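One chain, chain A, appears in both complexes that follow, with chain B as partner in the first and chain C in the second.
Here is the complex of A and B:
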């Protein structure tokens, strides 16, 4: 049995979800090969070759692959698919965008957002905003999976796989073109892989307050910053800070929810954190029901105090 | 330009579902159902295109049981022109739904299909991408902004770390993210008017598609993880607990 893992990268380097999805791919059993498809992505391919457990890296170069557009990337994966029993990607925005396209071209029903590998054909995944966990069996000859990276530990470095160039002629742009991107340069740890996440909700009332009260605490803790949808919709925080069913799913060691009520859609994104702290002025806020430690009070007085106490 | 909007009937987002004790699934008896919130955003976007003179007709389509007609009515009450119900008693999977939608697209010939990025029940996030693949159309998923000029669509997408903008040539598939727009509420007169709008019924057989699910659900369980729920009185106590009891600081 052989699995093809689609690498998540920005051409220059490999992104952490790749190492996490690799752990899931290894749990399926058999060989795992990694596809690094991009433009001038040799460095990312070399990094993939150093992940422990990888038996081979396929390196595809094409102008059409520079921005990971779904049409050319899916066409390439389908062209390479024949020898593989499973095709796996992290459920990042690229993975979610591309893999269903691959699955449909292969006439396979995809299993999305896998959080557990039970057997080579049997997987666990959350449904209904994580209020239920479904175990599904895929009888498909080829299995196409996306993997929730927060559910798996990153595989270690220590491998030395061969990097093999592959023909990227199948990667043809078709009806879509990249115009531009605005990607925030993060000075803090990435939300989905951070050990500690400090998250803010509607309570902050303005973008200014959001930064003023959360950043010092996050800096002290070396934490990433997250937000509820209400905080994002109100413009207090950028959209990619959103934690929840329809935002990012995080599972840090410590999640500190500040002025967040605890709607089920928010809980879906953070309830697998090891330790949850809730700070809210409403003693009956639902967030306290999922918290390990609850502190009732005003974020505007408690957060500066918290920061000083560290 | 005709716009097709697939809409799904799902459990209302306010409902906290319960897992059946026998592990066979989620209890959906007497649970409030509604249009998938992302699909309301999709209908709204289509309406705005029509109001801007870019779309001529909006067709909402749902694949599901007879009750999915109610979801289509919701779209008609918001302002869509007519509906198509593909009747299926199977619990549908994205691949089957995408195949049914392909058949509808081939018959209706829309230039644009706007779907939700995910349905909030199964959270698959697949159908739009699958439909794009089956039709050989370009796709822009997780859209937060959509501009149509003639045969070109410029779409801003929410991606990890920020935004990305793509230029698509129509016909194309767009899936909606939360911040694309704020869907309107249907007014009472429009709800009344919607009752007279036509809903065409089709069967999967008529469309030549097989909706039998491929995946087998072996069991459905409650997520684990009960929390201690300790209340702390002061910041000092919190820091002490995090350091010494939870050992995460």
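Here is the complex of A and C:
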């Protein structure tokens, strides 16, 4: 059995979900080869070759692959698919854009958002916005899987696989063109990969308060900042801070929820955090049901004291 | 431009999930249906495009309970036409991936050159519909789109969101498929009188011209994850609590106080 793992990278280096998806790919059993497809992505391919457990790295170079747009990348994966029993990618934006296209082109059902590998053909995944877990068996001869990377530990470095160039002629740009990226410059860790997330809710009452009370704490802890949808909708925090069913799914080592009630849609985005600390003035707030540690009190007095005490 | 919007009704579960007897599906007996939130954004974006460039908007749904009403609402919101598509032999709801061939055939028949749908649904968290439609139709596609700008009539430029605060502008030639995350403007609600007017309209029902894709993934089990036991409440002064939390972080080798 051989699995092809699709690497996510920015040409210069691998993105963290790749090493996590590798752990899932290894759990399926058999050989795991990694496809690094991009433009001037030799460094990312070399990095993939150093991940423990990888048997071979396929390195595809093409102008059409520079931004990993869905059409050329899917076409390349389909062209390479023949020898593999499973094709795996992290369930990131790129994976989400590309893999269903691959599955449809191969005419197989994709198993999405895998959070557990039960057997080579049996997987667990969340459904109903994360409120239930489904175990599914895929009898396909070729399986297309996407992996929720936060559910798996990152594979370690320590491998020395060969990097083999592959023909990227199949990756023809189907017409979509990358016009430009707008990157919000991040001074703090990215929300989805941060080990600590400090998150704020409606309790903050204004964008000024949100920043004034959460930023110092986040800075001290080297944490990313998240928000509830109520805080985002009210304009206290930008859109991409939102954690939850319709926002980001995070699984940090520590999640500090400040003035967040704990609606099911919010929990869907953070309940896999290893340790959850909740601060809320209402002792009956539902967030305390999922939190490991709870503090009843006012965020406006507790947070500054807490930050000082750290 | 002829925009086809694909709408889906999804189970309105709130927080409570009851697993049906047999352990493979939710108990649908008392579950209400509602329009998938992201599909609502896709509809809004279509109407927005219609207003700025004069597109024709056709809303479609796979026929079933509550569908006529949802399509009437779509007409009241500004869609020009609506169709319910009848598929036979369906046992329960059709997954987003399974409906792909049916929806793709409808897009071809209606002569749509832009298909909009929601980026995901509660039953399809991953968002397979737009990318698989793109593959079946052989059209380019983009998911997680937050705004659509028509260019000269033969291309559109969309804002596609990635994680970590990154978004990119992508230009796609028409015809194309988009999975919409948020519309360019807030969703507008319709007035009662418009709605009453639309309720009188009969929504044409057309037969599907393609078969639904057979699910070849078998559900072995559906379960609700274990409830956590509840928090250990910390009290004492801020210093004591801060110490306690610091200890927790240290225990887990998480301490990186800057």
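Rule of thumb we're sticking to: the second predicted complex is superposed on the first by the 309 of 310 C-alpha atoms of A that agree within 3 Å, B and C clash if a C-alpha of one lies under 4 Å from a C-alpha of the other, contacts with A are read in each partner's own complex, and residues count from 1 in each chain.
Simple rule for what comes next: a residue touches a chain if its C-beta (ideal position, glycine included) is under 8 Å from a C-beta of that chain, and two chains touch if they have at least 3 such contacts.
Model, not experiment: these values are computed from the prediction.
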Check chain A with both chain B and chain C modelled on it and let me know: fit or clash.
clash
State whether A:220 touches chain B only (first), chain C only (second), both chains, or neither.
second
Can A:251 be said to touch chain B (first), chain C (second), both, or neither?
neither
Of the partners chain B and chain C, which touch A:71 in the superposed model: first, second, both, neither?
both
Output check: A:27 vs chain B and chain C. Expected answer is one of first, second, both, neither. What do you get?
neither
Quick check for you: in the superposed arrangement, does A:233 touch first (chain B), second (chain C), both or neither?
first
For A:131, is the partner it touches chain B (first), chain C (second), both, or none of the two (neither)?
both
On chain A, the footprints of chain B and chain C overlap at residues 67, 69-71, 74, 92-94, 96-105, 108-113, 122, 126-140, 174-184, 186, 196, 221, 238-240, 245-246, 248, 253-254, 264, 271, 274-277, 288-296, 302, 305-306, 309-310
Note which residues of chain A are touching chain C in the complex, please.
67, 69-71, 74, 91-94, 96-105, 108-113, 122, 126-140, 146, 174-184, 186, 190-192, 195-196, 219-222, 238-240, 245-246, 248, 253-254, 263-264, 271, 274-278, 283, 288-296, 302, 305-306, 308-310
Going by the contact rule at the top, pick out the chain A residues touching chain B in the complex.
67, 69-71, 74, 92-94, 96-105, 107-113, 122, 126-140, 174-184, 186, 196, 221, 229, 232-233, 238-240, 245-246, 248, 253-254, 264-265, 271-272, 274-277, 288-296, 302, 305-306, 309-310
Which positions of chain C touch chain A when the two form their complex?
11, 13-15, 17, 19, 26, 37, 97, 100, 122-132, 134-136, 140-144, 157, 160-173, 176, 182, 213, 215-225, 227-228, 230-235, 237-239, 241-246, 248-249, 252, 254, 256-258
Partner chain A, residues of chain B touching it in the complex
11, 13, 16-17, 19, 26, 38, 93-95, 98, 117-118, 120-134, 136-142, 144, 154, 157-169, 172, 177-179, 213-223, 225, 227-236, 238-239, 241-242, 246, 248-249
